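For clarity, chains are labelled A, B, C and D in written order, and residue numbers in each chain start from 1.
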Amino acid sequence: MCGIVGHFSAGPVNQQVYDSLLLLQHRGQDSTGIATAEGRTLHQAKKSGQVREAYRTRDMRELLGNIGLGHVRYATKGHATNLDEAQPFYVNAPYGIVLVHNGNLTNTRELTLEMRERDFRHLNSPSDTELLLNVLASSLQDSVGVRHLDADGIFDAVTQVISRIRGAYGTIALIAGHGLLAFRDPMGIRPLVLGRRDVAPETAEAAAGYRGVHGLPATLPESEWVVASESLVLEAGNYEVVRELAPGEAVFIDEAGTLHSRQCAEETRLVPCAFEYVYLARPDSVMNGISIYESRLRMGEKLAETIQREIPDEDFDIVMPIPDSARPAALQVAHSLGKEYREGFYKNRYVGRTFIMPGQAVRQKSVRQKLNAMRSEFEGKKVLIIDDSIVRGTTSRQIVEMAYQAGAVKVSFASAAPPVRYPHVYGINMPNAEELVAHGRTVEEIRDVLGSDHLVYLGVEDMAEAIMAGSDWDGLEMSCFTGDYVTGDVTEEYLEFVAGDQES
Amino acid sequence: MCGIVGHFSAGPVNQQVYDSLLLLQHRGQDSTGIATAEGRTLHQAKKSGQVREAYRTRDMRELLGNIGLGHVRYATKGHATNLDEAQPFYVNAPYGIVLVHNGNLTNTRELTLEMRERDFRHLNSPSDTELLLNVLASSLQDSVGVRHLDADGIFDAVTQVISRIRGAYGTIALIAGHGLLAFRDPMGIRPLVLGRRDVAPETAEAAAGYRGVHGLPATLPESEWVVASESLVLEAGNYEVVRELAPGEAVFIDEAGTLHSRQCAEETRLVPCAFEYVYLARPDSVMNGISIYESRLRMGEKLAETIQREIPDEDFDIVMPIPDSARPAALQVAHSLGKEYREGFYKNRYVGRTFIMPGQAVRQKSVRQKLNAMRSEFEGKKVLIIDDSIVRGTTSRQIVEMAYQAGAVKVSFASAAPPVRYPHVYGINMPNAEELVAHGRTVEEIRDVLGSDHLVYLGVEDMAEAIMAGSDWDGLEMSCFTGDYVTGDVTEEYLEFVAGDQES
Amino acid sequence: MCGIVGHFSAGPVNQQVYDSLLLLQHRGQDSTGIATAEGRTLHQAKKSGQVREAYRTRDMRELLGNIGLGHVRYATKGHATNLDEAQPFYVNAPYGIVLVHNGNLTNTRELTLEMRERDFRHLNSPSDTELLLNVLASSLQDSVGVRHLDADGIFDAVTQVISRIRGAYGTIALIAGHGLLAFRDPMGIRPLVLGRRDVAPETAEAAAGYRGVHGLPATLPESEWVVASESLVLEAGNYEVVRELAPGEAVFIDEAGTLHSRQCAEETRLVPCAFEYVYLARPDSVMNGISIYESRLRMGEKLAETIQREIPDEDFDIVMPIPDSARPAALQVAHSLGKEYREGFYKNRYVGRTFIMPGQAVRQKSVRQKLNAMRSEFEGKKVLIIDDSIVRGTTSRQIVEMAYQAGAVKVSFASAAPPVRYPHVYGINMPNAEELVAHGRTVEEIRDVLGSDHLVYLGVEDMAEAIMAGSDWDGLEMSCFTGDYVTGDVTEEYLEFVAGDQES
Amino acid sequence: MCGIVGHFSAGPVNQQVYDSLLLLQHRGQDSTGIATAEGRTLHQAKKSGQVREAYRTRDMRELLGNIGLGHVRYATKGHATNLDEAQPFYVNAPYGIVLVHNGNLTNTRELTLEMRERDFRHLNSPSDTELLLNVLASSLQDSVGVRHLDADGIFDAVTQVISRIRGAYGTIALIAGHGLLAFRDPMGIRPLVLGRRDVAPETAEAAAGYRGVHGLPATLPESEWVVASESLVLEAGNYEVVRELAPGEAVFIDEAGTLHSRQCAEETRLVPCAFEYVYLARPDSVMNGISIYESRLRMGEKLAETIQREIPDEDFDIVMPIPDSARPAALQVAHSLGKEYREGFYKNRYVGRTFIMPGQAVRQKSVRQKLNAMRSEFEGKKVLIIDDSIVRGTTSRQIVEMAYQAGAVKVSFASAAPPVRYPHVYGINMPNAEELVAHGRTVEEIRDVLGSDHLVYLGVEDMAEAIMAGSDWDGLEMSCFTGDYVTGDVTEEYLEFVAGDQES
């Protein structure tokens, strides 16, 4: 899981990228990177950990220039702190490009061979972002040849890139001395939204001064631009939403601040990822025209109907969310069913480390470090707990146990998403199929694992309806619930390859 | 504002103190300190920032021993990162003592002179904790003289300390080679709760090994003890609540693990601080026998009644909390009034820094960095916003403005606490009277400042009833609402002295 | 000024590169970098400051693999701590190459344009090392095309590189998945020496284990190789000296450990840089067949003859070196003239920083921070001070002043090198001509600047004879003394360009 | 081994203490500390490692005030990086005192008991400096009682301290709000020199400004003062030498800058430590009236006589020092014997770390990391190697081996000091007797251990004469050569106690 952002600014861009990354921090907290362009010169900082602690004044002082991009991410298993795999990535030929990417490519093995054997390009890590960047570099070299680079040449190259790569991606790149490029996969699985604002008169003078000192063109651009994973970044920065990038669309903002765009995919459909709505995106974002918060309320609405059918009314008195993401759904469930809504679980926001001292045993990680159950809210009560989804089931099982220990006489559990049964290959971190509690189990069997009195899942159709209500989409990417991969090219062999990689 | 904890453990205590501090992090995020005793040797680490980032493995490796205490705090104005003022403080004569303290002393000027002129003790900072520690040291020297130290001698000294100092305090101290001491002010303004658990059989062997290596007495104690600002620390560590310390009570756990206690104040009353219930304490704590969460629901209940009287029913459709602390009250208001409850404000949990670059202007701090208003929840609606309290009013004013900008057609504002009109001198960080929006203003005038259609405050009587419902307390410390300081010794001159200090 | 080293090892190479860099630390103390190859994967660390403080255990842990290179350097003016310009540099196309370089290119303007306009390669810094690396990458792309890479292809590319670049260079590069490459400029201005040793039987087992874990070919190589700026690196590591690279020669050690070599320049002469002998190299190195220490003794011998001619015998009683590099020459002068040798100057080895506090003025840097004159050695004496050379003259002037202040009644000064009158363009850091005290001044005028009673310089012929005694060289690069640049392509315009760059 | 310094300045003192510590760095490189007094407030920084790397701008920014002291030290075995034992130490009662100390106390066991049992003072480390500070604090409490503190009271306390402690010490202390105190042991074993300078008119204005901002008395003092371990500190700072402190003398500079002094010991003799002259002090220092450099030349003179008697003239052609401290003696030996002086050993000044990687064996430390032998200087030659002294013998043995390996046909070895046979208990780091190569061995037997053709030691009488020539001392502390401890109170039992402590 990743969050990405690109800024084209009149003056210094570093603080803007930093502020935007803070707003995307929920999309990834393991590492972060920022790159900026000061004319032809690129600057870059990659860090592990969260944005607030990662960057210091001296980093920001070196991130000069008016165009920039940034990245936050969750690491995949076993690679948590390896900065060699942290984004952005850089190639110096051709032109000097840095790139960030949210998503996942599914034909990495073929592309890696192609890069090595045909293009003699060096890939220093297993990262698919480094690969994507090299495919872009190689395509630029092919498309542009001896021409000088312009928007057309860039779009030709992106067209070639899109035809070569498979998977889901929102991508932002800085081309040194040229401008800011962004493009989105042809099914629009991963999000990317474009914003614009006028250069504020009160900052124009400072920006002009900055441009003079740093060798940037003297003419101030008319607009400042932003491209980001989520719309709340635009809202917080007072940008107007221009539009969400269309599936397969590329936009390029040149050094003068002029926006160019082209549809670079032959065939496109809009099939967004369901998990953004279920769990990943912030509730105050609007994505593909649909408010995350509203969609979660609607999932709650549908879930309430299912609960009414499946759990006897006398078996629960109060409805409780697992904070924070299940709160809207739970509120709606309580409201629809006329039950009392209470917050009996308190989320510990300050979770620390376990220090391994010489001669001391490793403590087992427990959900109790993250959640506390208030005895007064459980004692003698029949509770219905709502979570956004159930993945491994370990946490849910411990939550059920905590509820009983806190004195609940009956504990029911409801998931505001359907059972997760298949791997996610489009950029959401997810364990292998074997580790999914719903993989190969009936709901009854899962309930036995969790130990709750009742267990209710939202239905696949209900989820799709809840998320897509009022949209004009072509479909919903929900393969981890259905096993039906929308790009049509995810084979059994590939899934095994991915599983093996995860284990190593 | 501070959080404090002391642990007496069978084995190594460092991780326990660390874990407890994480649970108290909401009480102070500017600096933190831990001290431990390994027999006669004391170890100490003081850090700025939050617990998670503050301590590294090498710090923990040096914090050896089985008795320890810890501290988190908000800094007062202008002293944010000065580690010289960070707790714990240490004196080496007599005995070697480290001490932490939550609260505030009100006769610091007299005591400082006394320390310097009579006792020739050096105070290296303006901290009242360093002062309190030196009063304790001086009292121990006076009380014990040439005797060897035991619980009686210690309680004699605490009795002297309590007679010398004025104000509110929960205090924990480590006396090298002797044990862990805690005492509470004679009005119980600040909280302190005592917990106990058996030494778990599965850790006994490791603890015995540790004791051998670190020169601790071979005999394992029967109990492990904890003293903390809030009860959730006990719950998370599976300690049973022994009791909250009585006002004026001191407890001492000697090196063998035996608990001693004595009432050390001549006259005592239980008059807890209202602000713990209004804002500071975690909802899942029980303090002075009263659940924080329940008390907030009750404040919501009372607030609902006031709203019903003061705001026409047709002037608001939905009720919205300012997350997180106003949530319980808002839920209750919505419930009581039969209005829809919605969460239209999203709290940015990852707030970063503004880097001051050479030649760049300082940006104004804005509530928008901390809160985002979801347009879809406000557009065309009449909203009632609930906050836990209103202090400066700056934030409230910006929130009202945000709500209108997000499309609300009517905005009402309600505070789940009464108007804050006077300084707080018992350990809650608060601006000077002049900066309080309610200082010298009527509710009507405050409403004009905030710019809302309606403004409702919970009444003082209502708050007192809501908090104290079912309790056996002697009163409620709510001087910042009433100007009536319970210790009876807070003069105009003192308040001016404090104000001057804050400004410098 | 720089020191470089490359190692091909049977087992882990990181510590070997680190140890070698420590031995080359005198060649540059401002920044340092190490890169290693673990099969196809490259690892890299760049740091500011000295080697000992620069690298931490976690850096070394990441520098995996059995082939590595390293670098230390003095920064040119105004770029002291900019890690963006620190070596090694990396390009990922083609093949993945990291490169370090000791020397200076003189046709950087033409090459930079060529890289940008013809090859569309991005140069992110003004560093001529980044440029050299890109010329190599571009030449490899041209020479090898679609062939797979082998020693022949590499030597073809180096031949092209040597024909494209002008100046002086010792260069070492790592080609990912292929091996270690080194080559030297066609006049042998900068040094590079090749060493070899057997794989020690006692480390063979550990090396085999390491290779297994890190995916390296199982077969142990027969030899371990090193290429370095100075021979003492070989001596310290128990390598035998294979040979110094011939001017224009390239050597390549493939992944199996086989050495390949080819003469890649059309026309070559051996014309080493005089400044290595005068000042830069360590006395215990042998360079181009000539011992540095012996050459300095011979310079002392020749200097003694000049002194005898130019300074009346009664005008000095004792001979004193400026430590450390003038010591051999001074010893020889004293010995030859039958005068007493004394060490009246003590070198402060621990030179620190001047901290600029708010409101405090900047102190002037003084030679007194670096040298202390012992009064007892000067009081009432007539001293002859010997330094290795005189560049700006500022230090020499202060030294003369110190000697008088310490009580000397007569102070003569002798330089074991001729007057430095012209810029050095082949890799020795030197100020612009205007800042050289000897630029446009007679020896008499320089003496007036220094304020000494006598001033003697070694003659140009004498220096050349002293350095080259017993060698088979084709000449000596001593353009900074003569203005006669051996590469024949250093124009007035170029010198002005360089001067402008230095000033900016 | 330690170096200490105290400064009384008109303006900010931090940079002065820092600069002085750099000049004393040769006396200890493991840790360092600085404390300053800003009126009544003390500031302190303790660091591991060398001064240059230890302090950062933010440390200096906090070291406010015009009076300061500093410390560098070699750690004793096994305590290298424990900052808990780093100086300075601080006590807050009475008055607030920080103290540094060069030397060693020999009655620590008795004093420790006294502090604990009589004074109830806590000693948090085994450091004798913490102990000394507490004895001073306790004596001040005893002497001054209820009086206000002045120079007389302080000197009364120092008199008591000197009567209570045994051993060797140079001590500097800061008494908060009062001034700078220094005193020296009654036999003058460890050095301490007092310097004075006028307040430079060009800095007076800045100093006055600084004093205003930091609440210091407005009146500028007439003099600036320094107390330091070595005279070169005074020279470098342009201080005039007032005098070396007499044995048993205390000086106190009050806040106005007035110097007070008193003889505080009943019985005194001047018996300086020989090892300062043999090895520890910098050659450009003058100590107890004797120039270190001159004394080393005289030791060389005496050594030459012995060599002439003991080594056949034909058995060596050239004389070689082990750099740096043996250089003066070796020069004199060569000169006296009319032999050629050559520098065949090169000292590696940049010695780094050996990184322990998982699965790698620890390399043996070797003298080759520190010294390189130039083959050209040894090949076929008969060399006489001079070192300042021989302690463990391990290094000397390896040096002899290196000389043979480098081609020497005969290797003789001479020590410019007598055989080291006994522990040093007055502040020079030395191994236990068992580890001294000369302990229980004849010179012949030692020669066998070293493996040299000849071995010559300077005689005890010769050393004493060489060092004391022209002095008015009462004797020379040279117990490690003779076993005769000048303080007369070093028992067998004590030596065993020290040995045990060293081993643990």
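Heads up, the rule we're going with is that a contact is a pair of C-beta atoms (placed from the backbone, for glycine too) under 8 Å apart; a residue touches a chain by one contact, two chains touch by 3 or more.
Treat the numbers as computed from the prediction; the structure is a model and nothing was measured.
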item: Length of the shortest touching-chain route, chain B through to chain C; value: 2
item: Most distant chain from chain D by Cα centroid; value: A
item: Separation of mean Cα positions, chain C and chain A [Å, integer]; value: 50
item: Mean-CA-position distance for chain B and chain A (Å); value: 37
item: Distance from chain D to chain A - Cα centre to Cα centre, in angstrom; value: 61
item: Multi-partner residues of chain D (each touching 2 or more other chains); value: none
item: Pairs of chains satisfying the touch condition; value: A-B, A-C, B-D, C-D
item: Contact footprint of chain B on chain A as seen in their complex; value: 12, 14-15, 18-19, 22-23, 25-26, 50-53, 55, 57, 60-61, 206, 209-210, 213, 232, 235-236, 282-284, 286, 291, 293-294, 327-328, 331, 335, 340-341, 343, 346, 348-357, 359-361, 368-369, 372-377
item: Footprint of chain C on chain A - complex, ascending; value: 40-43, 62, 84, 91-97, 119-125, 134, 137, 141, 144, 149, 176-177
